[in-house]
């Protein structure tokens, strides 16, 4: 880490390992949304907090290199479009907007409950990206603040 | 201890915490006080058998505090602690009005079903058929993503709009061109 | 079956604009214009093919108490037509106008969210869903009010967001109490159960009246409107004044207090008092304004007062007046805001004292604003005359002579402050070296189109047209219990 | 009953903060207090004595469960509140940039 931004080397090292655990936990929460408490919103925030962890530990410049912010925007919009898309497929298959058109499977299995896990994944991706973008844009604001008046 | 006693304790704590958060002069302390109130709410959700909400409230509270601290705890904001002269008369009138509202609204709470005995006409259907009809063991997920998925579409859109709105509000001035540019 | 598309189309348009945003704004303009035009055509088809019936569309393929339903009756179709009409013209107006502030895909994306939110509010039959879509429209409105990036715009947006958020919280508490008392969220079910519990009804009614009264900017709750509506870019002002306060405020009040609560007399009296207060106080405040857009914003409060007064009288004739005035106000207030926007764009100010003799340099703006002025002041033969006349006649018929007098005074005051606008803005001895070339074709078309509508929509009162167009809407409002039967009957 | 009244008091504390405080940040905090109170109201209405959370499990026998619908509503409401907080924070930061203060009595370029 040649840049002097961010926190100390200890924090950076711990973050480098823990952030992946946070991501895995968030993904776990999202995938088991129809079986256990949690779901897309909870898991999405966990993922956003993981990004935030890296951001606080390593600083802005590292994030800029590590992530493609434009891509994150596209990901957010794409998951929203897919959400509406699943709704439209529901109209085509059963006549109801956002109908659960897939087979329901067996209760208590991971791959069950039709479209619910799919929607959970989309929500998780969207929430995770969107919340990180809020913090990102708020923090960008301080870079060259105070140019006016 | 019965659950009501616990909840009275938690709610009293939340009220005291909120008043403290509003009356404390130091900014960091009041943000942290709000954070504690939010976490107490998350505990209250656990007592009220809503683990989904407890998780989401807990995480969103952390997130809200991070946003507030990142945005407001810059050095320059602490330049001068400017205790704006609080208008005593306004405060008094507000407190009396709110007290009157509280006094007159006690009746409506008497008319509602007592705590712990909801009607649950609609909910009965969800509890009996929810799992078989949607295949989801978590009935809250079944409601938000199947029975009322349209609400969730709205919710996702609300979040999207909020982010887009925040990005629109925060547009950084590029020094070279002098025009407002989109940064992201 | 047609209703979900009024949500799907603007949402998809907004997401696509976000996804494929480019440096130039042609893509966003194309997508949003296509979406808006499609919805305008669909909405007219939707209104004409309805023929006074009611259709229920259950979402997610389940039955209604357990899922959300969309209700397509004459009232909601009528509101949808107004929303699409004003949003389409506003979009055409924006294309040139917004380039002189700062053109960006974000504007068009937020605009589409605004339209989607309002469509969602007027088409839904579920109280919590209404709340969610109301929030979409409001969030977009907060961001759009501050779009210009000036200090006072942020201030207005902050005030709007704080007051709007208070009212949303009150509405949420109201929804909670309603759910606890009725154990249902479908409006028709609530309508069956709630009127049998009068003490809860009063409190829920007060919460909803304050909550949605803030959204509609009725007199004691109006503090946010003059700031927000005057700070926003002109096309957004016309969206906010023209349709947002009606879709989120007046429409919801009609739906809740007439169809769901069954028009309890105590609230009808409150409606009349608040309406009369809004008419008089806002008119006097408007006379004192020198900022053209602030004057128009106060005028909006006053005209909302007319609608509310008519609703409070709640005879059949008065409701006809209210419905017709909703339509007319949307048209002429949007037109007047476009005029203010084109003046601001041409000479760079909104202060009436700095204008003068624009008659010769801005002929299109002048002529359309004259039509708008005559219409809003209630002079024959323009549409505003008929709706105000109906409201005043209904007041007299129902025996409320005082209210009729107030309405007449309010109408005269309206004429007074709009004559002030005409006098200071278009007649005078100042000379401006501007021409109408800076005002683009889209802006001119939007103004001329709405001016034309101001002249011709008086024909809606011809008995044959009235019976097919306006009377079903009045019946929907007037026969309160019919809504319950129609919604629950088609289970 | 007593819980409902306490919760209503929490709502009124938030309302008091919005109406009397002069600091933009305090106003934002008051709005989130009102939000907590509204959310808690809905969940208090949903609670049923001696019932468990509405998630089925493979082993346990079917027990009485609390009302899941208000929980779904509150989930939506929490997200909406986070959205409004983010927007208000953005607006407050921009206002600070323009006026160099968070004091609402000094931010008065508009009247009425």
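The first chain written gets the first letter, and so on, giving A, B, C and D; residue counts start at 1 in each chain.
In the analysis below, a residue touches a chain if its C-beta (ideal position, glycine included) is under 8 Å from a C-beta of that chain, and two chains touch if they have at least 3 such contacts.
Bear in mind that the values here come from a model prediction, so they are computed numbers and not experimental data.
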| item | value |
| --- | --- |
| Third chains touching both chain D and chain B | A, C |
| Pair of chains ranked first by number of touching C-beta pairs | B-D |
| Identity of the chain that, by mean CA position, is farthest from chain D | C |
| Distance from chain C to chain B - Cα centre to Cα centre, in angstrom | 30 |
| Between chain A and chain C, centroid-to-centroid distance (C-alpha), Å | 37 |
| Averaged-CA centre spacing for the pair chain B and chain A, given as whole angstrom | 21 |
| Chain D residues counted as touching two or more neighbouring chains | 14-15, 45, 53, 55-56, 69, 73, 75-76, 78-80, 82-84, 86-87, 89-94, 98 |
| Junction residues of chain C - those touching two or more other chains | 11, 15, 18, 59-60, 62, 128, 132, 135, 139, 142-143, 146, 154, 157, 177, 180, 185 |
| Set of chain B residues in contact with two or more other chains | 51-52, 56, 60, 63, 67, 71, 105, 112-113, 118, 120, 122-123, 126, 131, 133, 137-138, 140, 142, 144, 146, 148-155, 157-163, 165-167, 169-170 |
| Overall pattern in which the protein chains touch one another (line/ring/star/complete/other) | complete |
| Chain D - residues contacting chain C, complex | 11, 14-15, 18, 24, 27, 31, 34-35, 37-38, 41-42, 45, 69-70, 73, 76-77, 80, 83-84, 87-88, 91-92, 94-95, 98-99, 107, 109-110, 112 |
| Residue ranges of chain A in contact with chain C within the complex | 73-74, 76-78, 80-81, 84, 87-88, 90-91, 94-100 |
| Footprint of chain D on chain B - complex, ascending | 3-4, 7-8, 11-12, 14-15, 18-19, 21-22, 27, 30-31, 34, 37-38, 41, 44-45, 48-53, 56-57, 60, 63-64, 67-68, 71-72, 77, 82, 84, 86-87, 90-91, 94-95, 98, 101-102, 105-106, 109-110, 112-118, 120, 122-123, 126-127, 130-131, 137-140, 142-144, 148, 151-152, 154-155, 158-159, 161-163, 165-166, 169-170 |
| Interface residues, chain A side, partner chain B - complex | 29, 33-39, 41-42, 45-46, 48-49, 52, 69-70, 73, 76, 80, 83-84, 87, 97-98, 100, 104-108, 112-116, 119-120, 123, 126-127, 130-131, 133-144, 147-148 |
| Residues of chain D defined as touching chain A within the complex | 53, 55-56, 58, 75, 78-79, 82, 86, 89-90, 93, 97-98, 100 |
